[in-house]
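Read through the structures below before going on.
Note that subunit A is present in both complexes that follow, paired respectively with subunit B and with subunit C.
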Partner chain A sequence: MLAFVIRRILQSVAVMVAVAFIAFLMFRFVGDPVNQMVGIDTPAEEVARLRQSLGLNDPTPVQFANFIWKAMHFDFGMSYQFRLPVTQLLAERAPATLELAFTAAGFALLVGVIMGVYCALRRDSILAKTFQAVSLVGVSLPTFLIGILLIYLFAVILGWLPSNGRGDVVKFGNWWTTGFLTKSGLRALVLPAITLGLFQMTLIMRLVRAEMMEVMRTDYIKFARARGLRTRSIHFGHALKNTLIPVITIAGLQLGSIIAFAIITETVFNWPGMGLLFLKAVQNVDIPIMAAYLMLIGLLFVTINLIVDLTYGFVDPRLRVAMRA
Partner chain B sequence: MPNPTPEEVKGLVGATGAGSGGAPSTFARLMDSDIFASFRTQKVVMVAAFIVLLMFIGATFAPWLAPTNPFDPATVFLADASIPPRWQAGGDPRFIFGTDDQGRDLYSAILYGLRVSLIVGGLGVLLAAAIGITLGLLAGYVGGRVDAIIMRVADVQLTFPAILIALLIDGVVHALIKGVSREDSAIPVLVISIGLSFWVQYARTIRGSTLVEKNKDYVHAARLVGLPAPVIMLRHVLPNVIGPVLVILTINLGLAIITEATLSFLGVGLPATQPSLGTLISIGNKYLFSGDWWIVAFPGATLAIIVLAVNLLGDWLRDALNPKLR
Partner chain C sequence: MFMKRYGLAAFAAIALSSVSAQAVTLRYANQGDLKSLDPYTLNETTTLAHHGHVYEGLTSRGKDLKIGPGLAESWEVKEGGKKWLFKLRKNVKFHNGEDFTADDVIFSADRVRMPGSNFNTRVPKDAKFTKIDSHTIEVELASPNPIMIAQWDTWYIVSKKWAEANNSAAPTPASATTPSYISLNSNGTGPFKIESHQPGVKTVFKPNPAYWGKKEHNLDEIVFTPIPNDATRVAALLSGEVDVIEPVPIQDIARVNSSDKAKVLAGPELRTIFLGFDQIRDELLESNVKGKNPFKDVKVRQAFNMAIDKETIKARVMRGLSTPSPLMIAPELVPFAKDFKNPKFDADAAKKLLAEAGYPNGFEVGMDCPNDRYVNDGPICQAVVGMLARIGVKVNLNAQPKAQYFAKVLKPGGYKTSFYLLGWTPGTFDSHNVLYDIHGCRGEGTSRGESNLGGYCSKAVDALTDKILVEADTAKRDAMIKEAYTITTNEFAYVPLHQQALAWGIAKNVTLTQRADNQVLLYWATKK
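Take a look at the complex of A and B:
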């Protein structure tokens, strides 16, 4: 078991080093960092001195080591556009993205499970068939189109909900801002969260439906019926409980995707998060932000995968045996 | 698969008989195949195929089908800007779907935009397939360290969503070729971004089948005859492992079209002077609040319909070619 944990952690570290290497290559070779810092009239000696002081004349492996060392201390240099430390820019926008992502994930999980259970139990009802058809359309529609559709319906025609920004936010401690505590903040959250969570919702719905239909055919459900348990407790106490393990795994794995896909939702709704910052960076070739965001998302995905794998190892005894072999 | 109805049987017999005694023609064999039978029994698939065909024709012959060339400044007048669709009050019979903010005919713009979207999506998946097949063959046939390196890269890439990788590649490539204008570089850069984002699935599939094929007798025989490895890979192994690629291609075409549209919508894809469906949607999005819904609605609907139709075709192809489901 310990060997498995160590091997798995080493693998994750290797992936992170690979991601860091790509980020480093971008940082170092796409667009010259010195050119971005000096003006046209800076004398050549000044440029050379700057180059020396930034360590750009060191051998590449040394530079890479320095890059990793700095990255581990959350130092990704200055943004070319804003002339501010990248870490500060990302940290300022992190709360917006995280709140949006977790709300979207919660929405996807809750509604997806309810719809999935309904579709599995009332398979032939009209509503279940409608859900199925809607989920097919939902998978085919690009995220940004869903966002536009929702804006047109609920913001332009009905005028119920705002379509732009985060509403009023409350400052919490040093750098965390939250929109959960104000009415306009909550209202602003509704449409972006639905847009972002819709794809994952259909995914979870299909998964719950398939798993639930499989579980309903198993012997222990038949036995529970034979014992005369109430239908409700069979459905939710026995069947649903056993479908939730894969659902939670998928939901966990999808959390990374949700944060990455927030780029699109944040653009549609002009949501002041990290994704919007990253997109502006791509448009303006602001390499430090691109590199830092890549590392951040990489770290997120690697951590989530690691946690899921390790929990599986602890939870599922069969895997534990396989690992020992 | 359901039993064929008498009409179908008659049709099949008639089609085979058309070969006039000799070996049935390719067309007749196609009509006789299980795949065609399953195609004819599913109405939704037929509709999807019809829509895809229609859209391909529309895109291919856009210059002849479009009433105006929306990108010829001589035929576009600002006075025609933001005219609603023909059937609405204030509509103009010249513009079926109305015009956009610059007075371009939306119907023509959609045909041209569809063309760009399909070209970028199609070339993108083809490039992805070419990269994936090559690397998959190499990984499976050569094995050892080559295999390990290729598959580790694939693993790392698979942890990231394709759209994020496409965004990054797009940004980096544009940074590297700073001198070239976006108009000239947009299509090739998008094709490269999509190609490099979607190759993993092909590589994994091809590698898997190559590992099986390479231990079969015909490959051993080819090796004994002394054929060089590249010839064995391309002439002997490749034809036997290429089957599943068609399904992945179809399914990925929908994804690639969405990816291109998303990048264009985000403003890092095709510029407004050379719009794809995504660019048209992003232009229309700006006018949503002034009530000009048609500028975004028609390109959006076109995008949704083509992606849905391609996805339905892909799903059907996957099931029809899957021997386990027969």
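Take a look at the complex of A and C:
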């Protein structure tokens, strides 16, 4: 068991080094950071001095070794654009992204399960068919288009909700800021959370519907019916409970991608999170931010997968046998 | 009686709330960030404009870009621009209450020329600053420079005491490992002070009650948010969540104007967009012509000038929002602009010229173009490709983001381009900059012609440029500038295309002065 855990952790480390290497190689092709830091009429000698002081003239292996060494100490250097430590910038932006991601995931889970259950139980009703059709739209339309459509409908035409930003935030401790406690913060959260969660919502709805229909055909449901239990308790006490196990696994795995793919939603809604920071960093060739963000997302996925793998081992006895081998 | 008192209280409450509702907040969104608050970190228009609310220079530029007094009340030019005497304004206070004195100017002059500053060229390297008394300064130069103060409106004066006390005596270098105090805090003499600043998220400005100058705005607060996404920025304006945006994308101008909440403020910008040729290499890097460089032949350059239809680019690509230009400088900046005419568009004559030059069937050439730097830069290049195809020149367009584009074509990348599109605004608003930087002969050990990517070279123009720098007599100087432009135009050094237009979106209840250098200056804004 311990050997298995160690092996999995070593594999995760290998993945992280690979992520770092690929990210580092990519930076050689995104363009020249120095040109983004100076005006066009800056003298060339000044540009050369800047390049030297940033260590851009060192050989590539040296730059990579420096990068890895510093990354191991959670030091990603200073952002070229802001002249502030990257870790501080990311930490300031993280609450915005996390609040958005968890709200979106919560929305997807809640609405997805309710719609899924409804579709499974009232398969032939008009509403269920509408849900099905809407879910197709959710799966097939790209996020930025949904975001822009929502902005035009609810912000520009109806004027009900804000089109961009995070509203007023309240500060907690040193780093954390929350938009949950102000009216404008909550209003600002609605459209981006729906946009970000829509795809997951339709996914969960379809999953719940399929699982639930499957469960409803099993013997123990028939048996429960025969015993004369009330429909409500059969549906929600027995059937739904068994449906939710795969749903929770999927939702957990999807949380990583919600955080990672918040980039697009954050751009459309000008949400001041890590994704927006990353996108602007790409445009301005701000390599320290790009590197740190890619490493962070890599770490997130590796951690989530590691946890899932390990819990499977605890849950499923068959895997435990395999682990011993 | 009770009711009366109650009613009175309610009335008072309403009156109070209406007072607070009258506090005027102007919300402003730009596609760019305000990155560092250190005024010597980034020499870029949007940043300069932001800092200009907080800091001031010795000179200022008015709504028409004319140089006027700033922190210096007046100045005298002696010995043809070799010695300058500045009388500083008295009773000016920094936001923290300190007095503004000659020491601050001398400190700022040193600081702006240190490594890490992006503004080294604002103050000549050899300029010696001497304090005569607490509000008089003498500047001595090695050689006369009549346009020394042309860019001093954006050389912002920093408080010596404050900067030194907060460990910010030197500009934050790009390779710094700890953030400096001055990149997150500010202390200027300007009409606004910064109340809070979250880099890349939000910056709040409040008026400076102790400002020495005339107040030309009615604002109680400016809230700035960067919104890089075009669609989001326009939506924020149309939904009334922001009052001013810059820029409005060309394709959205009609939509903004047709809304009942906002309108577009458009006007000519000073930036000239042009095409350049590699005329220095003996063989082009990207061409099927081997052993010689077709762009060395003035006839080929003339043919390109005649084959490109600037009016069509204006009508089709720029949707009317450009001023086709025969000159490499905006017409507002030279008195003789109307003496220069655009070459007549004539594809047949251009083809004939190419045949005379020895290319009856045209030739093939690579073209570099940014696609996220200037207004519709990518589409302009595509239009040029189509127009040149009509005279038999096959252009292989390589349009890429500015990060890659500039890395390839500028000096550090080795000028690796054969034919390119670039935009240029003379920082000094003066022709000397245009003639020196983009027309000067390139050479080792000189900064002349550093942005002359194609390597155009004319000894006659260089000689004139040197004389223009030291000539103090305006009429003589203008005559020499005109002579220089006549040479470069006759030699078809470049293909000037147009000056692009500025497009700001403003809410209908806001009035704002638009300055042609694209600085959004909200101290000239009023909101009803």
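Note that the second predicted complex is superposed on the first by the 275 of 325 C-alpha atoms of A that agree within 3 Å, B and C clash if a C-alpha of one lies under 4 Å from a C-alpha of the other, contacts with A are read in each partner's own complex, and residues count from 1 in each chain.
Convention: contacts are C-beta pairs under 8 Å (C-beta built on N, C-alpha and C of every residue); 3 or more make two chains touch, one makes a residue touch a chain.
Computed from a prediction, not measured in an experiment: that's the story for all the values here.
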Does subunit B (first) or subunit C (second) touch A:219, or do both, or does neither?
neither
Classify the contacts of A:85 with the two partner chains as first (subunit B alone), second (subunit C alone), both, or neither.
second
Is A:124 in contact with subunit B, with subunit C, with both, or with neither (first, second, both, neither)?
neither
Counting only touches as set out at the top, which of subunit B and subunit C does A:49 meet: first, second, both, neither?
second
Have a look at where A:264 lands relative to subunit B and subunit C in the superposition and call it first, second, both or neither.
first
Going by the contact rule set out at the top, does A:283 touch subunit B (first), subunit C (second), both, or neither?
both
One more residue to check, A:148. First (subunit B), second (subunit C), both or neither?
both
Would you mind checking which one, subunit B or subunit C, touches more residues on subunit A?
C
After superposition on the shared chain, which partner residues are touched by A:159: those of subunit B (first), subunit C (second), both, or neither?
second
Hey, what residues of subunit A end up touching subunit B and subunit C alike?
30-31, 148, 151-152, 156, 267-268, 279, 283, 285
For the complex, give me every residue of subunit C touching subunit A.
33, 35-36, 38, 41-44, 115, 118, 120-121, 172-180, 183-184, 198-202, 225-229, 231-233, 235-236, 238-241, 372, 401-407, 410-413, 424, 427, 433, 437, 447, 450-451
Which residues, counting only subunit B, touch subunit A once they are in their complex?
152, 155-156, 159-161, 163-164, 167-168, 170-172, 174-176, 178, 254, 258, 261-262, 265-268, 281, 285, 288-289, 291, 293, 296, 300, 303-304, 307-308, 311
In the complex of these two chains, what residues of subunit A are touching subunit C?
30-51, 53-55, 77-78, 80-85, 88-89, 92, 148, 151-152, 155-156, 159, 162-165, 267-270, 272, 276-277, 279-280, 283-285
Residues of subunit A that touch subunit B when the two form their complex
15, 18-19, 26, 30-31, 136-137, 139-145, 148-149, 151-152, 156, 256-257, 260-261, 263-264, 267-268, 278-279, 281-283, 285, 287, 290, 294, 297-298, 301-302, 305
